[in-house]
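Comments concern the structure below.
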């Protein structure tokens, strides 16, 4: 509990963060930037888990567990994504989205 | 009396055709000639025997000649309407059998000499067989459909024979023209048959021609545009006949048909096939006469008279001897039509009909003779044109004499056959229609003139120097000439009025002395003029043609009818109808279908664009969609 | 095994046998044996049919029925009458002739013959089926191999043509399917169960509204295959690109499915709809007759000429069917047979000319009669038969059509009849133009002097087609009567 | 006091998040993201989830960001400016996001959260026990699954990143 801060304010902040992430995900043209936007989205939702756990069901810890899992998955995902990006870079010397369209259609 | 054996008359030439056609290359030319001649001799013998039996052994029963019909059903339409195949024996069909078999036999014999050495020799005899078969079938037909069937078959034989020299473009074009023009005429014939079949319920000549039958009595039961529908049918059928018989304005194919070998011209385009139209009208004569008081018959008379005059005028100016003869044929056919047109039905009234058939007979003989004679000349000088001929009497005595006989016969000089038949026609015309009589008598003069122009041009006139000295043709060619000359001289004495009349009863014919004298004088004037102009080489003729100037030019160009037809077919049908249809098909009909296809492709490309494969685009649509759905479900769709 | 199912089984067995063959020689031998066997069966069928007909006067004879899809009451239900027997005989003849004409098929012979036989299987199945669904199934089996046959073995813009043909026919199938389902879902109008069986549906009084709605769909669905104007454009391109045997089979047999389907399904099952709509479709058919003939005049490609001629002649079939008259119907069936043989013959000849001269442009051909007299003579004969010369099949068919069409005193129909009759002149024009140009006249190309002679298998193929053409033309009575007798059931509904 | 800290953190997070997704410089963008992640850790501290905050700092700020920075320096020229989307697209997306945000917020604010006032401190031990508990509500199974997933992704990352033998052409770029 944060003294003087209601759950609404926190959720507002996380919503804003979430949409900033979405905005970035759609507008960015670079694979790494997109990855970063995804991190933003993930984090916004992690906060939600935690905050709802804390404010509404303080006796339980599910929210916390979930956030831990999400962080773990995010780490794994990032590792993989970075691997892919590097490999891609080796293949085509670029990590721009527009250069990776050969598999389209 | 059993006439079943008559079926052999057409079948023998058919067998010869199949034999020669299928084993074309395997048969030696000499043998194929013999096969053809042997077949036709048998047919001819049978024909003569039939004629003898029919006219003299059986003769008249109760004062009229009987009609014998034997037929089998060939195809059923309904229980009552069917196409039969069979033979019909009555005076005109028997007479036609004699004409066709005689001429055909003569031409067969003649061709053995004329076609010698040609590499299509066997094919030629095969086609002659096919033609003889079809012509016999036509003559013996028992009903309208059968006659139509054989009508088409003679048409195709004519096509094949005109196009016999198929490597020559002009021959191919002429064959095509002949077929298409007659085909167009047959369209009328066919529609006429359809009308008759529907309104009378039968195609049988016997039923149709019965003067007390329902067809003739009930002709007024239905009408179309002010005329009885049966009259329309008869007019349309006459259209078919006019096409085959080269009546104006469907005559244009006949002069071109002279591209065929000369024996073919003699057989098909002078003596037999072209009279099919006359025969058809004669065959349906009671209908023509009784339905609507002979309205259709009047049309026949006027068309015949006009064609006769028209062709005679053109014939004067032509320089190709075969074309002169072709126009002469057309003119004489018009004569026969005219005679039919002015004929009555009962007793002596039927003189026109009788004269027409009489003239058909005599004309077949002397016109075939003229053609064969012309063939003999062409064979000798290797040219069709008058300018390459002259003084041939010294080289070709037999041809000269026989040609002269034929020319005298066609000019109506006493006592040759043409005199008798032509005289009867003029009598009939004089009794029924004075206008037509004057046309007839004028044409008679013209005929004598152009015929002797031809005769003098070929056998007298200028002394032409020939590269190869012409010589008389071999016996195989001169023999038929002599036979035909003999018939041309004496066939006038056959008592046709006893044998062939519309009511089949016969009547006593008398020579109408004043009319005969007038006709003879006119004929002699024509011959005299020709003698002055063409006997010796002089420039009278040229001066005259220059004097007539434009008229001469028009006549020489056959009044530009070929050009008119060419204009209609080439410019109008090909370019104005067929061309636009082809374009319409490509652009509009096909274009529509194609357009549908192309539009589908374009739209699918557009749709494919949405499916860009970019995750970000999908995300955008996903977000946008989710937002819209959320808006809808949360705010708009609240109960 | 019953006599009809064999017509489906034997081609399938032949196909299976073909799978084990190697090379052209074995493939064509197997196909030939199979096709000859089919011809034998067809002859046997005719004899058996006459025997059976003498003691059995039901609409269809040799009927058999197996349920193969119970929920929708779909049966494998077969039976024949005079019409289908005649068309089956036609099919066997054309297939056999097609095999002979493809004797030297060099590319992928095995696959080619397999496709050809699949096609014929579909055609046989179509003709013997009396269950709408099974019929439709066989129809599709017959249409699909066309795509492969044209697309793979064709010439010219073959992919385009194959695509166009298949798409248009598939489009028609879609329309047809709606029509068939429309009939199916109205087949219980009298309170019975839903059924696809034609004979059972014929007994049902389908409501007039439904007939009015579904007749055009069913009619167009079939008539597109019968080259109804303005849905004919697939046919010239398709024929032009198809290999010879395929053109033969397609124009000779497959296009007959259209007329047959119109007659057997659309008109038989929806008689009131037929009467209601006939005025409209008869105009289209009559236009097609004249239009096709004029269209043919201007073409320069031999195959295009023939394709447009087919539009004209098949227009005549549809025209005759829609005149609603027994004689004309008889004529329509005869015309189907006659056109099948004649057009197959034409395509075979065109194939032979093309195989020798490597061109189909009539301006580049001329005077071939001198070089290859056999082709020339047969070409003239076929041309004459095509323009309705007596003594050949075309005349018999056309006369039946014209006489029949003339039986209706209605002025409107008279005018259309005269229009249709006038096509015989136009036909004469383009046929003679064709014959005169390519066969007669002077030789245009010196290279043609050494064209190869006609081989025995080509002659066999041609004679196979020629004999029935002449046979039909000379003695049409038995065939005409056989068909006529089968028309009676149809009279009741429409007349 | 905590309230102000929260506001400051929120401001930092939002501002740097925006900066992170709009910056044209790659590396800066990553650093901005780092600030955001740190801010999130701060929030965890504020609501007394110290362990979580620690994880956030170590794994995210310490691990993932470093990973990203590595990849950036590996594949990216520092000086290069990033390409941005078209203006129209930016506006469109921004608009969509704003509307979405509006929807979110109205939903959130119209929902009566049943907040339980508390001051419970969660110890690391509680978390450890919860994660490894076999009892009802225990998370041992997901825990194991996650461990396997991590292993798999590690192997995968190695396999992918290792790639084929480098060609001459690519040598110059490395």
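Which chain is which? They are A, B, C and D, in the order written, and residues in each are numbered from 1.
Here, a contact is a pair of C-beta atoms (placed from the backbone, for glycine too) under 8 Å apart; a residue touches a chain by one contact, two chains touch by 3 or more.
Which protein is which chain? UniProt says A = NADH-quinone oxidoreductase subunit K; C = NuoM family protein; D = NADH-quinone oxidoreductase subunit J.
Small disclaimer: the values here were computed from a predicted structure and weren't measured.
Set against one another, B-C and A-B show the most C-beta pairs in contact at B-C. Computed centre separation for the pair chain A/chain C (NuoM family protein) is 67 angstrom, with centres defined by C-alpha atoms. Taking each chain's centre as the average of its CA atoms, chain B and chain C (NuoM family protein) sit 37 Å apart. Chain centres here are Cα means. That of chain A falls 98 Å from that of chain B. In terms of their C-alpha centroids, the spacing between chain B and chain D amounts to 103 Å.
Touching of two or more other chains is recorded for residues 620, 623 of chain B.
Multi-chain contact residues of chain D, defined as those touching 2 or more other chains: 93, 97, 100.
Multi-chain contact residues of chain C (NuoM family protein) (touching two or more other chains): none found. By the document's touch criterion, interfaces exist between A-B, A-D, B-C, B-D. Of all residues in chain D, those touching chain B in their complex are 92-93, 96-97, 99-100, 103, 106-107. By the touch criterion given at the top, residues 608, 611-614, 616, 619-620, 623 of chain B touch chain A in their complex.
Interface of chain C (NuoM family protein) with chain B (complex): residues 164, 167-168, 229-234, 291, 294-295, 297-299, 326-327, 367, 369-370, 373, 380, 384, 387-391, 395-396, 399-400, 402-404, 406-407, 409, 417-418, 421-422, 424-425, 428-429, 432-433, 436, 439-443, 475-477, 480-481, 484. Remark: chain B residues 24-25, 73-78, 81, 83, 145, 148-150, 152-153, 156, 159-160, 163, 166-169, 172-173, 175-176, 179-180, 183-184, 187, 190-191, 194-195, 197-198, 573-574, 577-579, 581-582, 585, 589-590, 592-594, 597 touch chain C (NuoM family protein) in the complex.
The touching residues of chain D, counted against chain A in their complex, run 1-3, 6, 10, 13-14, 17-18, 20-22, 26, 29-30, 33, 36-37, 40, 43-44, 46-49, 51-52, 55-56, 59-60, 63-64, 67-68, 70-72, 74-76, 82-85, 89-90, 93-94, 97-98, 100-101, 104-105, 108-109, 113-120, 122, 126-127, 130-131, 137, 139, 142, 146, 149-150, 153-154, 156-158, 160-161, 163, 166, 170, 173-174.
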